[in-house]
Amino acid sequence: MKRHNRKLLTVVTEAAVESILIKEMESLGALGYTITSARGKGRRGARHAEWMPNSNIRVEIVCDAFTAEAIIKHLHEHYYAHYAMIVLCADVEELRPDSD
Amino acid sequence: MIEPVVLFFLMGIVAGALRSELRLPGAVYEFVIILLLLAIGLKGGVELARQELTVVLPQMLAVVAMGAFLSLAAFPVLRGLGRLSRADAASVAAHYGSVSVGTYAVAVSYYTNRGIPFEEHMPLLLALLEIPAIVVGIVLARGFSLGIRVKSVAREVLLSKGIVLLLGGLLIGWIAGEDGIRSITPLFFDLFKGVLALFLLEMGLITAAQLGSLRKHGVFLILFGIAMPLFSALVGTALGLWLGLSVGGTAMLGTLAASASYIAVPAAMRISVPEANPTLSLAASLGVTFPFNVIVGIPIYHGLAANAHLLWGGA
Amino acid sequence: MIEPVVLFFLMGIVAGALRSELRLPGAVYEFVIILLLLAIGLKGGVELARQELTVVLPQMLAVVAMGAFLSLAAFPVLRGLGRLSRADAASVAAHYGSVSVGTYAVAVSYYTNRGIPFEEHMPLLLALLEIPAIVVGIVLARGFSLGIRVKSVAREVLLSKGIVLLLGGLLIGWIAGEDGIRSITPLFFDLFKGVLALFLLEMGLITAAQLGSLRKHGVFLILFGIAMPLFSALVGTALGLWLGLSVGGTAMLGTLAASASYIAVPAAMRISVPEANPTLSLAASLGVTFPFNVIVGIPIYHGLAANAHLLWGGA
Amino acid sequence: MIEPVVLFFLMGIVAGALRSELRLPGAVYEFVIILLLLAIGLKGGVELARQELTVVLPQMLAVVAMGAFLSLAAFPVLRGLGRLSRADAASVAAHYGSVSVGTYAVAVSYYTNRGIPFEEHMPLLLALLEIPAIVVGIVLARGFSLGIRVKSVAREVLLSKGIVLLLGGLLIGWIAGEDGIRSITPLFFDLFKGVLALFLLEMGLITAAQLGSLRKHGVFLILFGIAMPLFSALVGTALGLWLGLSVGGTAMLGTLAASASYIAVPAAMRISVPEANPTLSLAASLGVTFPFNVIVGIPIYHGLAANAHLLWGGA
Amino acid sequence: MKRHNRKLLTVVTEAAVESILIKEMESLGALGYTITSARGKGRRGARHAEWMPNSNIRVEIVCDAFTAEAIIKHLHEHYYAHYAMIVLCADVEELRPDSD
Amino acid sequence: MKRHNRKLLTVVTEAAVESILIKEMESLGALGYTITSARGKGRRGARHAEWMPNSNIRVEIVCDAFTAEAIIKHLHEHYYAHYAMIVLCADVEELRPDSD
């Protein structure tokens, strides 16, 4: 089993952008993502509803540092100003079979 | 007397204003919407099969023009009187040029309770009316240099849950006819008003949540949220009269014109005009116009259509 | 013969005991509860409109006193015989002074199946009965130095889903009257027993999950979970007789008294008396008393009321 | 004329193929399945109470043998002609030896619409048919050295939601009888076809998602997905004739034989034969066989049974 | 884009306390939170139901080290003894537009 | 309040294996776990449905390094080849009352 040092990006943002956001992440080099439905509160107020315009998603992307930078840059330029969004970046080990 | 289903809406508003934890689970709310949209579509489809294409086609065109016109008419008012930014004005205008299925459903309940007939292929016009206002709204905000996102927005609206269920229901009703859908009547038609009651309960809770943000955005939004539907109802009534609709049908078109979107348009605007503040349009359309229409608007538009028919209507 | 809907409860218990993966999705379980509560409230409201306030008000007061009394009566038994800690005894006592809507719904099904009439404004008493036991429970655990949390607990209970739906339904039924709610009858009344069957299926699965923790807490809880409702039913029956209720109404009040909460009270106690072990009260109220009431209790309380009326009842 | 409920299936396929965002929420889809399974079980149970055990028992045994036989017959074809790996062939074979409740439900709708009677205890045979193919599939993949996981797989299948609801419904219907379940008729029977329509809508959406993976796996799967049910229907029809079933019952057994699992078997195979590619079996059973059966298969199997009865049937 | 070193607190606990817990976190200085519904198992047994008294929530709070300490202390004093709860603390980078 | 250095394993995999996976984790020494329902995409394609055969779960296990190794090894041997799965490992502080 190989261990790879990766970046784990966690993005909490509006459910409305899910499908577009995913397409953009993939075109920036993300090979996968995991999404859960979430609720929360931040600078843009409470987003507690399961009702679409007011619900959040929590997206996790495991990728290399380079892709992480590209995604962060993209989010900064296209989302931060207008969407409820928080972006976190952490170090994580990904375990892959030796063959990968 | 107030429509009994509207009492559920008031119950929702009161519970929401008191900050009760009452809430329909998201999946149940979607279920309720799916049932309403399919029921409305199926009913419309059965009736559509009885109409001549030559009658319906002009109505379709007229209604698309009306949607675009209402958005265009709202925009300068929002910019001038309301001093909204270009993006915000465009977004609010799109909401008011489009329609609300929930308002239509309450109107259906109102008219069937009173035994007033109306052109039942109305759901086709309803589905059509969702589109033009969105296009106008995007163009108002962005000009004609529509970016990449706009294409996918158009796709998303056309293939959104709401439109697909309405049009799918219409098609099935049209193909299967009255006999064909008889076996599914208990779920879609007998339960219709009960399901509508649940929908209105949740709408009340959602509306109550808008009242807070309404306070922030001041008196203009409230005035606009009442004046605009009254103006739109006049336009819709005039159009209905001109198209030769019945009293019920004219009133329905007035109601559709007066209603403002709170599902399809917010989603489309969020993606295509991100700099528009979504709480602004929702506060107006959900916090003011939806309750206004549901509680006092529908009877007003009925009276409007009845009087218009008395004054200018044909036989 | 056993009530057919109770067979669904037994099916749930068996499936749960066999560790089947069967489960109603959370959203569906909530949906089912919402339908039951609204149906019960609506029915009660329609009947309430026919009652004199001078008849209902004393019943309301008496029932609040009964709820407090039952909790106070249970507490020393739980402390003394059961050797429970102060917090645990207070919490269990609160559960048994309060009521279970599910039990009431099964009783409604039982009485309507047999054509036995009862005072249908009972849901008002049901809603009232949720409150006093919670207050008594908190005071028993904490004394009168109620902390900050207690205020919000009171708010939360009053505005909890259950109470809001019951009272909201009552109000709507009361305002709209029988004619007004006719159009929503198919959803709320025609489907009532089918929905109750689904509810009981899930209750069976939940009950089965309690049986494990029951084993841990030993024989006292089982005895208490059977003896307490029998005692409470006596109190409720006596009160019903004294208030001049019909046989059906007396039996219903006995059933309400005998039932123990498993939704509102656990939530309230968890927040206001955190040191009380929640599995203890749930094992008793859900694992013992609910099945006991639903399977054998309701017919017993019916017999009790019938005999009491024979012996002491008026004309 | 096409069954009206099948129009919902086509609507789902079209919406899915156009990549509409339409989807039943997971909880609603489960709700719909729960209602269908309970309804089918209840109906079957009521009828079962009218049957002699001496008639039913041989049918049960015969049907278990048929399930095993169909899997065994499919396996060499999948290995030889299809060149599938051992695990994949075993998994697909298990899917086709088992049954689809959804297909059965559409057949029920087809026959009741046409007033054609059939042995209504069929749901018992349906539940039984789920099991043998799974066992055969595991043995084909693993040989008889069944590992630890296999035991828990057997448990999980027997206690899976589907089987528990079918058998639970059967038992309740059997105990309560026609009168006993009358009060829950509105939910379970009156709404049946409407609920089936929603189910088929979602099945259409799911099926559309399989069409992509179908393209990858080429023409063999498509041919197998059509030829296998036709062969199985012949086997089922012959067995029905031999068991002395009515025309309707024979056609039903043919339909059951022809149907392929897409719920219970995929789950069981995923755990017990992990190296089998799940998209392969689902593409065949959901992407080809389910639509084939629902749209054209059921009428074909009806014709088959009618002709077989003409040629070889008794009085 | 600025990177801020933050603490990420992850609290898994009983759904029953959600609304009170949130109020307390905010009064202790949390500027936001993200919640997802969860199921799980720990010292206090399995909490698998979607049924309220037996369901969990998973709360994430991104904050500075000081606020994290205050929240941890509060949870320790008011929740740990009586509620099913696990609290995790990790280092994370939060990405904020330069203006923030 | 004591701080313990732990490993946080995050496993995203097929919902179909939930009950078996949990049993195996526990027999390998995990004292608890937290699960949320998730959707996602990876090498094995999109898993977006709430529909069972195509839905994901996200499992978190907080444990010591030794148990983490055992679990990783087990997943590698029994799951990686045949199931959609990603395994992440990160360092995390768990906060426990002093008595624990």
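Annotations for the structure displayed:
Each chain carries a letter (A, B, C, D, E and F) given by its place in the written order, and its residues are counted from 1.
Criterion: a residue touches a chain if its C-beta (ideal position, glycine included) is under 8 Å from a C-beta of that chain, and two chains touch if they have at least 3 such contacts.
Just so we're clear, the structure is a prediction, and the values are computed from it rather than from any experiment.
Common neighbours of chain B and chain C under the contact rule above are D.
With centres defined by CA atoms alone, the chain at the far end from chain A is C. Relative orientation of chain B and chain D, expressed as the C-alpha superposition rotation angle, is 120° to the nearest 5. When the C-beta pairs in contact are tallied for A-B and for E-F, the bigger tally goes to E-F. For the pair chain D and chain F, the distance between C-alpha centroids works out to 34 Å.
The centroid of the Cα atoms in chain B and the matching centroid in chain F are 46 Å apart.
In terms of their C-alpha centroids, the spacing between chain C and chain D amounts to 42 Å. For chain F, the set of residues touching two or more other chains reads 19, 36, 81, 90. Within chain C, the positions touching two or more other chains are listed as 21, 25-28, 31, 156, 186, 191. You'll find the chains touch as A-B, A-E, A-F, B-C, B-D, C-D, C-E, D-F, E-F.
Across the complex, chain A is touched by residues 12, 36-43, 56, 58, 72-73, 75-76, 80-81, 86-90 of chain F. Chain D makes touch with chain F in their complex at residues 23, 25-27, 29, 149, 152, 156, 206, 209, 263, 266-267, 270-271, 274-275, 278, 282. Looking at the complex, you find that chain B touches chain C at residues 1, 4-5, 7-8, 11, 14-15, 18-28, 31, 109, 113, 186, 190-191, 193-195, 197-198.
Listed in rising order, the residues of chain E touching chain A in the complex are 1, 3, 6, 8, 22, 26, 31-36, 62, 90-95, 97.
Chain B contributes residues 25-28, 30-31, 34, 156, 159-161, 164-165, 168, 171-172, 175-176, 180-181, 183-188, 191 to its touches with chain D in the complex.
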